[in-house]
Every structure is written in structure tokens, then in C-alpha cells.
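Following this line, the structures themselves.
The same chain A turns up in both complexes below, where it pairs with chain B and then with chain C.
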Partner chain A sequence: MTALPERRRTRRLPEELGVIVALLVMMTVIGVARPRFLNPLNLLTILGHTTFLGMLAVGMVFLLAIREIDLSVGWIFNFSAVFTALLMVAGVPPWVCAVAGVGFGALLGLVNGALAVVLRLPAIIVTLGTFSMFQGLSLVVNNGRAVVPADQGSSFFTAISAKLFGVLPVPAAVFLVLAVVMHLVLHRSRFGYRVQAVGSNPEAAELAGISNAAVRLQTLVLMGAICGLSGAMYVGFRGAIDPNEGSDFVLVVVAAVIIGGTPLSGGSGTVIGAVIGTLIIQIISSGLIFFGIDATWSTFVTGAVIVLAVSLDQAVKYQRARRARRQAKH
Partner chain B sequence: MSRSRYVWAVGVVAAMALASGAHADDKVTVGFVTHAQGNPFIQQIVDGAQAAADDLGVTLQVAQKSGGDPEAQLRAVQNFASSGVAGVATSVPGESMAKGLNELVASGVPIVQYNLLATSVKAAYVGEKSVESGRILGKMIVAKMGGPAAKGTVIIGNCFPGFPVLENRAKGVEESLKAAPGLKVLGPFDVKVSAVENYNRWEQLYAANPDAAAMIGLCAPDVASLGKLNAANGDKFLAGGYDMTEENLAAIKGGHAYVTLGQSAFVQGYLPVALLVNAIKTKQPTPVGFFNSGTQIVTADSVDMGNGLPKITFDEAQKLAADPKATAAYYKVWTKTLAGDGLTANIKPIAAESE
Partner chain C sequence: MADTALIEVRALAKRYGGVVALENMNLLVQAGTIHAVVGENGAGKSTLMKVLAGAVKPDGGSILLDGQQIVIDSPNAARKRGIGIVYQELSLFPQRSVLANLFVNREPTRRGWVSVSAMEAQSRALLDQLGLHVDVHAPVSRLSIGEQQLVELCRVLLEEPRLLILDEPNSALNKRETERLFDVLRQLRARGNTMLYVSHRLEEVFAISDRVTITRNGRDVLTKDRAALTIPEVIEGMIGVQHDALFPPPLPPRAARAAERIVVEGLHNNALQDIGFSASSGEIVGLAGLEGSGVSNLLAVLFGTEGARGRVEFPDAKGLPKSPADAARRGVCLVPADRRRNGLMLDKSILFNISQVVFGARRDGVPWFNQATALQRARRQIGDLRIKARSPYALANELSGGNQQKIVIGKWLEIGPRVFLLDDPTRGVDVGAKREIYGLIRKMSADGGIVLFSSTELPELIGMCDRILVLYQGRLAGELSGTDIDNRTLLHLINTAEMPAREDAR
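Showing the complex of A and B:
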């Protein structure tokens, strides 16, 4: 009678406990050595830094959960932003452009999804090709130059550049809301359960009446739409989109999701973990500067701290699994 | 100690060691952000910045971002500002950095742009006259090919399509090549920035155009790649490009490349730090304007280092490219001219950069 409540209590601990601990340890270490780092304004700035990549990481969780990876996310982001900005340059109202940008991102995701489903290829192979296609088309339409909407007095730019309560950048708030919504979608909606079922055992899911093709298509479209949202907001926030922006996004996004605890083997995923993974990457980047670590060492230190963070996460998971085994024996 | 506790202890100790090992002193610190990592030309700029920091008694902290990602670079600048440095110099590989940099300028953080600029940033810019340097390179190639009567195919490569400074160089080169109507100009083609990819791209361009009479690159790795390619194919085409890196100078010395234009990497590192220190002392933002770093012209027969620097031989130029201390000593003649009003005496409107 006493073992059951004990087991329940253990289960309530969040899956992301390990990365949360790693994040807090890193913040504490940096904060103790450099108290200025813990200035709330600096922490909110770091949160702001996670926004655009973090959104992509949230979408990538769904893809990893179905054992897929989209390599073209950086260029969907870029192409959607270019599309949005060019519409603005053409005189279309900015809010309409932003919505169109999200739709355009979804369309590019649909291209990825349709190719993957029709050709029966893994998304990683399809997006290896569309990575260059989207990059190339984006360069064609922007003529290799930054696209800068001339009139930035519209309410769209004002709203996206504003700070809630004077401190929290609006894109960061949108990112947090998106993360909460997508967390609920993954763990509380029929679509989320299907995603996890397909990733867990595609054959069993198919036998249970879940169309693998439909889920893959929907997930890639969702990823595209999120890239479009991130791209449209980027134009509002920065007031321009450069031809090479997004080129390096994919590695950081996948790293953030994996650091956050989503397994490459599929079947499960954690949106909250991905958010924390993105934060860890940004905090490493910020910490290197606060510590004044030489640029030639910074690449090594970045990797080493990531390994340390993942080790902490694994240590916590190991500890929890051992405790669970012990309780099961009793 | 249990295994998990051991892992925890190691993690915390390692992190604390990292913290305690960090550099901290009472000197003013300035941040310096680059758009490439492991690039010899960028390293020469950093060496120039370090020389300025040593001369002016400040601490230089460098952050290097690979791939020319404007967003990552802006984040590094913002992190520097949050960490309390007194000013930041950064190359600006994209217009999307402008808004964020202007916010920092407005908040009182001295900013200097170098090498790559956004014209809307309200801060000083140190760099070459990009269109003009392209014109110089194009003129030298045309002259070597026989002047206005020159004939043949000329291929232009750009390692980073979309970078305004590189697009301006291409524009200048193309303008000068028009002086010889018999020249057929192809490109600019994307030849990528990494040394391996850069060579592969040029190799493919040559394979597709084996009759090419000249090949012109706009970035640091090009002259070295073109030199190797020329050497492997019997030195059949004229090669020209940019930057005085050791590899580029070696290609010229070996007779496999004709010309390389330097953009005074040392000046592009030294001057931003000097401008920042001046801004910090006077508690004023850096002046909005263009500081021409000068163009250097190097062939196997002549070396023009620009900026009124003493004449040197090709061998001496090669030695300087490999020795930051010797370079700093050589530039003393120029750094002395920055004393007093000399620092800001030659400021021009930003638009002059692309004239």
C-alpha cells in the first residue's frame, strides 16, 4: 500500500528535470563569477536571443518524434522572410504580409511533405535537396541582396518591436506562447498522440488505422508554418532580411532539441526540453563572452559545455531510473 | 561516492574551474566581433586590433562567428554590451543587424563597423572603397591582357553572394572590364568561402571554360585556389583577387597568380579600436562616417602598401603577412599619424565607401 503513492510521486517529476538542472547549474556558475550576468534585463535579452531559433526547435521536436529531420528549416525561414519582406516592399499591408509569410512557409513544408510521401523517402533525404532549392530560389528573388521594407511605421513593426511590461520582447512572448501551445498539442491532442504513435512504431500505428503518410505530411507542413511564423516575425523585429540569414540554423536547432532530451529514435519528444536546450546554447554563447574566453578557445568550450550539460541530464535520468527500479523491487 | 554524485561533482568542479580561470582585470575592455573563424585575413584584422589594444592600454576581447550569420553576430555584440564592455567593433554582414546596433548606439554603447557595413548604422565604418578597389583590380587585369584590344573569357567568382562589399567589388571589376569590348565576362559565380569548396568551385569553372583567359576572385581564398589551379594546368590563365594572406602571396611569388589587392587588414583592426578608445575617453558616440583603410596593390614586381607606408620588397611583404609583431612595428609610421586630430581628420561620408 505504501509503494504505490511513492511511485506516483516519482513519476510526477518532469522528464526535463536533467536539462533544467544543467541550465540552473550553468546560470549559477556564470552568475557567481559574473553577477552582472544575472541582471534580469540580461536574462530577458538572452530569452530574446532564443526566439527565432527556438521556434524552429519547437517544430523540430515533432519531426524527431516521428523519426524525421528537416534539413531545410533555415532556408524555409529565410525564404518565408524574404517573401514577407518583398510583399511589404510591393505595398501589401504588413499584417497581411506576415500571415502570407506563415502560409508560404506552410506551402514550402507541404512541398517537403509531398515529396517525402510520394517518393517514399525519409525527410532528411528530401530536404537535403530542398535545402539548396529554397536557398537558390530565395537568392533568385532577393537578387543576392538584403530586402528592407521601406515603410516601417506600420503597426506590425511597432507591435513586433515592442516590449511587454517594458522588458519582455514581443517575439519572446510569442515564442513562449507557441511553446506552451505546441506542448499541449504534442501531449494532449489527437494529432500529438498520432505523432508519438507513428514515431514509436510505424507498423503498429498503421495497423491501428493511423496513416503514416498523413502524419508525416501534416508534421512537415507544421514545421514549415512555424518557420514561416519565425521568418515573418524576424522581418518585423529586425526590419530586414539578409540573403544568407538562416544558413546555419539547422545544426543549432537539432542540437537544441537533442540537448533538450528528445531522442533521435522517435516515439516521444519534449517541447519544454527543446526550449531549455535552446536556452542552454544561448547561455553558453553569452557565458563565453562574460568570461572573456578567447575566441580561438570558444568553439572547443562550447562543445565541452554541451557535453557537460548532456552528462548532467544523463546523470539525473540514471539516478531516477535506478530509484524507480529500486522502488519496483520493493 | 556514488556514480551519479561523482558525475555531479565533476561537472560543478569543471564549471567552477572555468569560472575561476576567466580573465579579469581593471583595464577597460572593448569587444571585437568577426564574421569568420579560422580565416587568415580575418586573423590579420584581429592582429591589428590587438596591436591597437596593446598601444592604447585596453583589453581586447574577441568573439568569432562563422558563416557570416548576421543574427548570431548581433547576439554576440549584444552579449558584449550586457557583459559591460566599454565599446564594440563589429563587421556587419547584413542589414538586419542595423536596427539592433542602432539601439545599442542610442543606449550609449560606442560601436564601430569594420570590413562589412550597413549604411544605415549610425556609427563609424572602417573599410576599403569597395567599388573603387574592384575598378583597380579590373584595370590591372585588362592592362595585363593587352588593354582595350584584349580578347578572351574572363570569369568572376564571389565567395559570398549578397555581401554588399563583395557585390560592390564585382561591380567595379565589371566596370573596368568593359574598357575591353572583346572580353567575354562570365559570372559572378558562387565560389564559396571555405578553402576546400573554393578550390573545387574554381576547378569546376575552369573545367567548364578551359579557354578562360583570366579568372578573378573577390575574396581571400581565391588567389590561393586560382594559383593552385593554374599551377596544375600549366599557368594558362591570368589570376587576380584580394587580400595579402601568406597563401595568396605564395601563389604570386610562384608565378601562378598575377595580382592581389590588400585592403589593409591591419588598419581595419587597428582603427576601430582606436576610434572606440577615443569615444570612450570623450564619452561621445563614434563619428558617423567612412574611414578609408586604403588599397594595397601587390604583384611579383611591385608592392604598394598604401597609407603612406614605406616601400618594401615582395619578400618583406611575405614576411609581414606571417608575422603580426613585425607588421605592428612596420605600421608604427602610420599609427603615429593618428595622434591628436589625426584620428578623425580623414573622415568621409559613408556614401564615399561605394563611390
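Showing the complex of A and C:
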């Protein structure tokens, strides 16, 4: 009895191909009807709009990969931004405030993580509560009003609102770099390996010496830190933070991740897919405006796209399972 | 006893992916008899029963009922033909009442409304006969497991099947309940009913059956009247391969490492009492005991998944591992009994799974996943352990049970463990793979590892171990070593916690 001759790894198409094609088709359709849409400036604006939300989607991939969902991301984003802005109002140097904002986001993530681990509850339950807690605390400290840092002449504001090579908004560049880094973290780092292992089979991971508690905690802290980064940059980009900014983020973020192809069943995820999922959602709402359709329709269309995306995904999986079964028979 | 065949199975075959469950299985059951089917785990008994019950579609072969070829393509079709089955696992609705469970999907009605009183009337006699005196309106979940099993049996009997299949029906019954069950079966036989009885408890098979079919590796090996059989004959038929061939001899020690020891004294927690033993490298120490005797708890404690108090010294001069992560970093490994649930990431590749401990659990080394190194590791284990897979990128799910178990072992071998805790490592594995796993265990031992090996199959312990510790209700009932290890003594000790009286000392 010897091992079978090893078959070479079949070069498969990247799993993100489906969403990439979907994105290109959408852009082509809109572009043919309204060529103005494909103007690079317009496209870059769209990218800029997706930045803050898209960063959260990148973090959410890790949560879905360990079979968790963080509902509080929108308010971590908001609270961190408010925290950053208030520090600036208090006269702390803006760059220091931004770093503190990231740390503050991580701290809120740590609160989520600690509760989830200590109480042995799914993150979705814990963050259902912290969603309102963070919202409430944020409203308490900003008195229900927008926080506007006074001195916006600092290099922080000019740097964040600058455009690289004269076209690419800095936040968009940060978003893309973050996505690439997190893609590598998920697929090439020990932390990413553990995330996939715990998501794939938590019990087996635990018995292989991979602590589920540690991985869950780290993932929620990472999520918080990314929200903090997004929030701090938002303050630099907009120069203010509204009391309700971020309130509607979470569903869009989860939708983007799912459209991107990350399964809810855990064990795997695609950061690139999540980025494209975010772009698809943004293009839907921008594209509708180009067609002169009322923007209120965009919510409906986004929902329809989610249903379409999961249907296609399910159909592909069903086909694959059927083919596998047929192969097993022969 | 009517001498006509009620049901006949010819050349039945069934594969699950690469695993052969049935291969040329034949069976002939005479009407009005209790026919036992015995065989080791994985011999194909349960698959055969599932085919007859319409739960599994065979790949080939034919089934004849009353001499007519029939197709049983669904559980409903089986029911219509008068075939009823009591599964080993309960299939009751725990939140619903006993009566509701008894009449699932065929509730008697009165003027179009479900009639509880009609249910009571129809089931009372049978419940009495089974000695099941419980509140029939209470949810089934309030009953003991044994009572639940009787409810399940009652449900099937109410359908008055011509052929009643019992797939290890008494695994959860106590002695009294088992006897009552056997009484009912004998009464049914007297009334001309036919029963197929699947079990691996041979004493009971001999107590109840008229005819016995022995199965092995998906085939029927032998069918004989029970009166013409003896237990040793049956065991031989079930195991098939000679012991010497099945269990490789110890390998000469290749002690590159100094001899090491685990010493345990006064270990106790809520499942264990005052356990004390020691184990040295180069030794294979067996752990035996009934379900709930504490064997799996002891392994869990030594691996750090369960807490316990007591004086324990591991080879690294430290005490018990604080967690599985701690154990993994200290070179203590556990091969769990349920590999699909506790050992593998089924939707991941071999390469991913082999890296679980050496990359996933460790803290030292580069934190980046090196694809080339991982590939090297996977190829090494595939080669060393003879894992049959088309490539290191094959998913764990695609492999047979034996090859899956080898991955679980291989992922640990990558860190060169000093302590091997093996919890029933050959469960559900075919004979060929078993032999290879035995060879691996010998190698672990020869390489200087401390091996603690628990198993539910006694021949395995007898064939492999230098010493066997027997646990009974959480305490150490006894220890056998060398020539004291034999089937009879071991069985006695496991079941009674006492050494059998010596025959020569009578």
C-alpha cells in the first residue's frame, strides 16, 4: 500500500472572480447608458465614499470567518470619531488624537471581546447590547450635536484630505493598503490561520492547542481598532462628526461581506471580495442617481442584490456538490 | 417455526465516497425467527439495516420479500412493506408527549380531530407489556434514556411490522429493561413475528437469537444456527485476521531521548477518585473501562481540557497542562475519539490540517504561514503514514475514516510529542488502517514516547499493551500486566471492578 501518485494542485480561478465580473458588468451597463459615470474622477469619488464603510467590511470578514458578527461596528466608528474630535477640541495635537482614536476603538472592541469570552456568549448577542451602550455614551459626550475640531489647519487635516498623485483621496489609499494587508494577514499569518481554524471547527481547533477564547478576543479587538482607524480618518476627512454618522453602517457592512462571497458558516473569508462587495453597493446607489432614479430606491436595490448574490452562491454550491457526488459514485 | 424466507438480501453493495460499507452482503431471514447480525464497528451491519429500512439506497444487489424482488426507496416504502426499525440513536421529538411520539404522522382521529383517548386506548396494552409505566402525556424528554428507547420500540411495534429491525436497541437499557425487552421479543416471535437483531454484545445475542450472521468488512462471513455456534467462533469470524498479524510486535527502542516518566498520585475531580499510576517511555499503557468509567475524563485531565487535583509530574517536571494550548506546547498530544468533530477541519485541505499544531498552536517561530514548508510537512506525513489522498490539497472530508485518523495523528507527529494520549484511535476505521495505526503506536513507543491508549475493543488492548489500567466508576479498579492480560480477566475486571477467582485456586 503506497500513497497515490500526487496530483498537481489544479490552478483554480480565484474565488473572487464572480463578484469581480458582477462589478465590471454593472459598471459597463451604467457606463454604456451614461458614459459620464465612467469618468475617472467620478469613479474615484465613489471609491472615496466607500472608504469608511469598506474598512469596517474588511474587519467584518474576520468575524464572519470565526462564525461571529459584530453589530456594534457603526457605533464604535462613531464613538471613536467623537472621542478623536473631542480630544482635538481639548487641544491635543491632531495626530496624537488620531492614534488615540484607533486605540479607543480597540478598547471598545476589547469590551466586546471580554464580554463575549467571559460570558461565553456569541458576539452577536453581546454587541446587540453594546450597540446601544456605545451609541448612548457617544450621545452623552457629544451632547447630541456634531463635534467640530476648531483648528483645522493642522497637517493632519491637510494630509487626510489630500489626494495622492492629485487624484486618489488619501482615505481611499489607506483603505486599499489596509485591504491588502488584511488579505495577507488572513491567508498568510498565524493569526489568520487560527481564525480559519476556529471558524472551520472550533472544537478541533481547541484540542489542537488553538485557544478559541484568545482568537475571538483578538478578532473583536482587531475589529474595534479598524473601526477606530476609520473613525479617526473620518474626522480628518470631513472635519466634523455628526451624532448619527455610522448608525446605519452595520447592515451595509455585513451585506458587503456577504456579497463579496464570505460564507456565514465560517472557516474562510475573502477580504478582496468584501472590498468589491462594498464597491458594488456604492455603485448601486451612485448609479441610480445617474439614471435620475430617486436615491431612496437604492436601499431596496441593495437588498435585492444581496438576495441575488446569495442565490447565485447557493446555486453554484449546489452544482458543485452534485458534481462531487456524481464523481464519488464513479 | 415456519421454514420460509421472509426476507432475503443478495449481493448488496454500498459505497460512501471511497469507503466501502457493503460489498457482496447476503442475508436470509426465516419467518418467525429472531435473527442476529453481529460484526465489529464498520462491518456494515448498520448500513445493511438502513438499506432494509429505506434510509439508504444501495449501489447494487437485490432484496426479496416473500420471494418477490422489491425496491425499498424510502422509509415510507419500507413501512408499507411491513418493515419497522428501531434505531440505535433516538428519533423522538423530545418536547412532545409520549402519545404524540407514538402516533407520529398517523394520529387516530375522531370526527376529524386528533383523539388523545383513542391513542391511549390503542397503546395501553403494549405499554403495559413493555413495562413502561410512565405519564403518557408528559414530554418524552422527562423520561430516562432507557424509557425513551422503549417508547421508540413501542412506536414501531404499534405499526405491527412483519419484520422488526432492532439496531443495538439496548445500548441505553439497564439489565432489567433489557430482560423485559427480550421477553417482549420472545412473545412477538411466539406470535410469528420476525426480528433482525443487531448487536455487538455477544452474550445477549446468544441469549435471544435463533440464527446468527457474522459480518466483516461489508460481507457476510458465516450464517449458522445459534445452537451450533460458540462465542470464540463468533469472535474469530468477526475479527477474521489472526491476532499476530493484526498486532505488530514491539519495535526495538530507538531511544535517542532519555527515558521519561509520568507520575500521577491521588488525582481526583468530580468524575475521578484517587487515581494513581505511572507510565514510562517505551511503554504502551492501556486504559479500559465502561462508558462513564472515567477513562475519557482521565485523558481529558491529562490534556488540560478538564481540571483535577492531585500530584502529577510530567516529563518536563511540571504538573498538569492548564489548557490544550499549554499541553500542545509541552509536547502532550491527544488523538480524540471523535475525529470528525474534535480532530479535523473537514472543509480544509490536508495541508491546512497537518499544520494545526505545529503552526497554529505554537507561539514561537515566524508568524507567517510558509506555503512551501507547510507543503513539505503535508508530503512528509502523507508519505510516512501512507495517507491515501490525491494531493496535499485534497480536503479532509474527501478521505476515508482511516486516512482521516492518520491526519489527526500526523498533525501531532509534526511536533514530536513526548506524551501520546490516544482515545479510541481506531474507532470506525477499517481493518487495514487499524493495522497501520497499531504500527504507528509501536513506533511512537519505540521512539521514546509515553503512550496511554484507551480503547473500547478489548482485543486491541490485549494485543498492544504492556500494562492495562482498568477504571470503574471513576476509580482505579485494577492493573493487569504481562501474562495476566487475557480477555476473560479483563472483561471481568471492567464489568465488576474485581479480579476473577483463579481457576487453579478453586
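Going forward, the second predicted complex is superposed on the first by the 281 of 330 C-alpha atoms of A that agree within 3 Å, B and C clash if a C-alpha of one lies under 4 Å from a C-alpha of the other, contacts with A are read in each partner's own complex, and residues count from 1 in each chain.
The rule is short, and it goes like this: a contact is a pair of C-beta atoms (placed from the backbone, for glycine too) under 8 Å apart; a residue touches a chain by one contact, two chains touch by 3 or more.
Everything numeric here is computed off the predicted structure, so don't read it as measured data.
Using the contact criterion defined above for the overlaid structures, shared-chain residue A:210 touches chain C, although it does not reach chain B. Of the two partner chains placed by superposition, only chain B is touched by A:312; chain C is not. When the two complexes are superposed, the chain touching more residues of chain A, out of chain B and chain C, is B.
Touching of chain A by both chain B and chain C, each in its own complex, is seen for no residue at all.
Considering their complex, residues 25-26, 29-30, 32-34, 36-37, 39, 41-42, 45, 49, 52, 139, 142, 144-146, 148, 161, 234, 237-245, 247-248, 282, 285-286, 288-296, 298-299, 301, 305, 308, 311-312, 314-316, 318-319, 322 of chain A touch chain B.
For chain B in complex with chain A, the touching residues are 3-4, 7-8, 11-12, 14-16, 18-20, 22-24, 29, 31, 34, 37, 46, 59, 61-64, 66-72, 75-76, 78-80, 82-84, 93-100, 160-162, 164, 167. Interface of chain C with chain A (complex): residues 15-18, 59, 303, 305, 323-329, 334, 336, 341-348, 352, 355-357, 359-362, 367-369, 379, 382-383, 386-393, 411, 432, 436.
Within the complex formed with chain C, the chain A residues making contact are 1-4, 6-9, 187-194, 196-197, 200-201, 203-211, 214, 267-268, 328-329.
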